[in-house]
Amino acid sequence: MSATVLAPDALAALGDVADGATVMIGGFGPAGQPTELVEALLAQGATGLTVVSNNAGNGDDPLARLIRDGRVAKMVCSFPRQVDSWHFDAAYRSGAVELELVPQGNLAERIRAAGAGIGAFYTPTGYGTPLADGKETRRIDGVDHVLEHPIHADLALVRADRADRAGNLVYRKTARNFGPVMATAARRTVVQVREVVPAGALDPEAVVTPGIYVDAVVATGTHAGGEASA
Amino acid sequence: MTHLEHAPRTDTPLTKAQIAARVAADIAPGSYVNLGIGLPTLVADHLDPGSGVTLHTENGMLGMGPAPEPDAADPDLVNAGKTPVTELPGAAYFHQADSFAMMRGGHIDVCVLGAFQVSVTGDLANWSTGEPGAVPAVGGAMDLAVGARRTVVTMTLLTKDGAPKLVERCTLPLTGVACVSRVYTDLAVLDVGPDGARVVETFGTTHGELETLLGLTLGRTS
Amino acid sequence: MSATVLAPDALAALGDVADGATVMIGGFGPAGQPTELVEALLAQGATGLTVVSNNAGNGDDPLARLIRDGRVAKMVCSFPRQVDSWHFDAAYRSGAVELELVPQGNLAERIRAAGAGIGAFYTPTGYGTPLADGKETRRIDGVDHVLEHPIHADLALVRADRADRAGNLVYRKTARNFGPVMATAARRTVVQVREVVPAGALDPEAVVTPGIYVDAVVATGTHAGGEASA
Amino acid sequence: MTHLEHAPRTDTPLTKAQIAARVAADIAPGSYVNLGIGLPTLVADHLDPGSGVTLHTENGMLGMGPAPEPDAADPDLVNAGKTPVTELPGAAYFHQADSFAMMRGGHIDVCVLGAFQVSVTGDLANWSTGEPGAVPAVGGAMDLAVGARRTVVTMTLLTKDGAPKLVERCTLPLTGVACVSRVYTDLAVLDVGPDGARVVETFGTTHGELETLLGLTLGRTS
């Protein structure tokens, strides 16, 4: 990875995204969703995307609009159905979007494996269920396991709380969720933060995502719920 | 370690709150506990604050506290049901891979889940009604089912239509195989496992009536 | 795991250790080595131990003395040979101690796998080398991998910098090394720290090892190099 | 991106410092770099501080700085060779599994290693002399060999006894297979890989002399 670039706005941070790209989008529902970056992806125009995200949009949030606008060919996610996941539900029922449903812990571990250079791993989660249909299994120490493979991406969009100029990140409460693992698993990782601070201003003991994983950072001045930062 | 002295004693079926209290009575002080969405969440209301039970939420936190005052909700601080929670002293945050490592690795003492069906050998079905055309969603259910040291279920014993939810063999898509050890219901507490279902306690019914209701032969706990 | 116990001294923290137990000992050379806890293990007397540790003792440090005294039947480690690993060298040459040599990253990942409930994993590290002899291999996406299994332990001895009363830990600089993964992989984890602070005194965003992994803590009042804490 | 304008130009074999400088000249600004123990460590002295190169040490740190003043050594802050180092602004610490995930996952741009032998196809032998009875030790060598985007080697081209260290096929126990892409030596810089060894640059010798010395047919970089 090269040194982290501080971008002037979300669209510049995003850079080029090819049609057909695999894009990881952080967040667990609204918590930790990189709203401004997904807005930028909407504006950027790439289509035929595979989106890896725990959920599949709420209401008319940018991820939901990406699906509504037919830009997403496939969702890889653990919990697409929400009370307000109208756009995904419609696209799924019409066959406009393909779904790979992955148990949440397997999703996280498969993303981690991609970032960690692990070729595949055996997990007990999902064994004997429809989500393991057709997958290789193995009994290890008396426990049945399923072989799962890494999920790599071309691009990861992540929301953190603060970044330093070296690209180191800290998050805020449960908004941390998928950000740290997604940041490791993509060829390019773009992060929106509330604020950027000088190198050395984050405690090196408390850095959650080291800057090596971060290609571009944009300060959006917003945090949870989109409020302007104090 | 069970605390039956705190358990509700009723001659009538338990309310949901009473089921939750009955589950709470079985949770040892100092335990690390994950509570599923829905009925299991109510268990938190019945845990003695002095018992040192720590709540895990799989979206990345240990030391989860109760819901905040409505105007104090923080969109960055939510539970697995995506509703606002609070942070207790001694809390810690971690990312999804670490959170599910904690769950899958057997570090959570008790996981309390809801269910559509549980089999007498402990198979669990709680993520899909199997309805064709329904939008599927699994979340952390499969990880929670197999990960904790002890997975228990809270549910009504019958569906709204009167069909048993404790069954010889699940007909709905499975969440996990042989993962549930105890089921807490309005009519009875039952242990399930390799030896089949055994009645621990009944509420407003009898062992024989339960067998008839469920169409199962039930053992007794010794 | 039950709630973390604050022990009055290292021997009390250690508790019972059975002959033949597998014991993980943190540290990378002297950095992060839980000196007082290994001293306690020396005093406690268990023998026939399997020790999992990156190194195999320096000079006459407590781990070296454990080996010298014939208490260690097997070492699982990546770098036993040091300029001053006299006791290990002698025990190895005489056949008194068995050695399982594991590449450092595989050692860390196998320990992590044990803590994370992963049944086994494919890693490219070691493929085609003598350390993969007899191990199952698989070509995944054009890269040759070796199948590696978790390393579990009965006991982990870890040195951290501070603990709170809930057992949450923070470490100091590169002394962090194996502590956080070893803490997850043992049935019982015992930690020595410089100081114990009240629950709530550690930043929840900066906790490295959550208290769920910690069974007992002892404050030794020493940090790196054994100096008394200020 | 190479920076040949900074490369040493000599008509004599390179000193160790010159080899290190030659490696440093090939490292692109902004790179993340891991330097092995021994000769590779010297590369740090030749990196332009303004080039934004970040050093990784596999015992758990990014942003490693130079050795401290002797009386400022901190036993908790050491490199992979267990010698004291310092922390630069923007540093971060992480545990061993995370550190080797960073390495194995291909996030380090360049890893510079020492070697006993390198084969013309890039096999590396650098952890064991194969001597019977020797106490073996591998450390992170095998992880470093296969993990970085680009693994390069610094070594003298010949052993003290005059035997070539660049060989058709390694006779010592391997560290990794087909993992090295370039070898920096006192007599030449050579690329190795699927097409065999190719001379990039010579120091105080010629292409033909090198072929004789090594007993190999060497290609030329285009």
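As written, the chains take the letters A, B, C and D, and residue 1 is the first residue of each chain.
Keep in mind that, in the parts below, a residue touches a chain if its C-beta (ideal position, glycine included) is under 8 Å from a C-beta of that chain, and two chains touch if they have at least 3 such contacts.
Values in this document were obtained by computation on a predicted structure and should not be read as measured data.
Copy of B-C's interface among A-B, A-D or C-D, judged by over half the contact pairs being the same?
Selected pair, repeating B-C: A-D.
Rounded to a whole Å, what is the gap between the Cα centroids of subunit A and subunit B?
Roughly 29 Å separates the two chain centres.
Once you find the CA centre of subunit A and the CA centre of subunit D, what distance in Å lies between them?
35
In angstrom, rounded to a whole number, how far apart do the mean CA points of subunit A and subunit C lie?
Result: the chain centres lie 33 Å from each other.
Can you list the residues of subunit A that touch 2 or more other chains?
Counting only residues that touch two or more other chains, subunit A contributes 109, 112, 116-118, 123-124, 171-173, 205, 208.
Could you list the positions in subunit B whose residues touch two or more of the other chains?
In subunit B, 87, 93-94, 100-101, 103-104, 147 touch at least two other chains.
Pull out all the chain pairs that touch, please.
A-B, A-C, A-D, B-C, C-D
If you look only at subunit A, which of its residues touch subunit B in the complex?
28-32, 54, 78-81, 85, 88-89, 92-93, 99, 101-109, 111-112, 123-131, 144, 171-181, 208, 223-225
Tell me, which parts of subunit B touch subunit C in their complex?
Result: residues 28-32, 52, 54, 56, 62-63, 87, 89-94, 100-109, 147 of subunit B touch subunit C.
Once bound in the complex, which stretches of subunit D touch subunit C?
57-61, 74-79, 82, 87, 93-97, 99-101, 103-104, 123, 128, 133-143, 146-147, 173-177
Can you list the subunit C residues touching subunit A in their complex?
Residue list for subunit C touching subunit A: 109, 113, 116-124, 138, 140-141, 143, 145, 149, 170-173, 203-206, 208.
Can you check the complex and tell me which residues of subunit C touch subunit B?
1-3, 112, 114-118, 164-166, 168, 184, 198-200, 204-205, 207, 210-213
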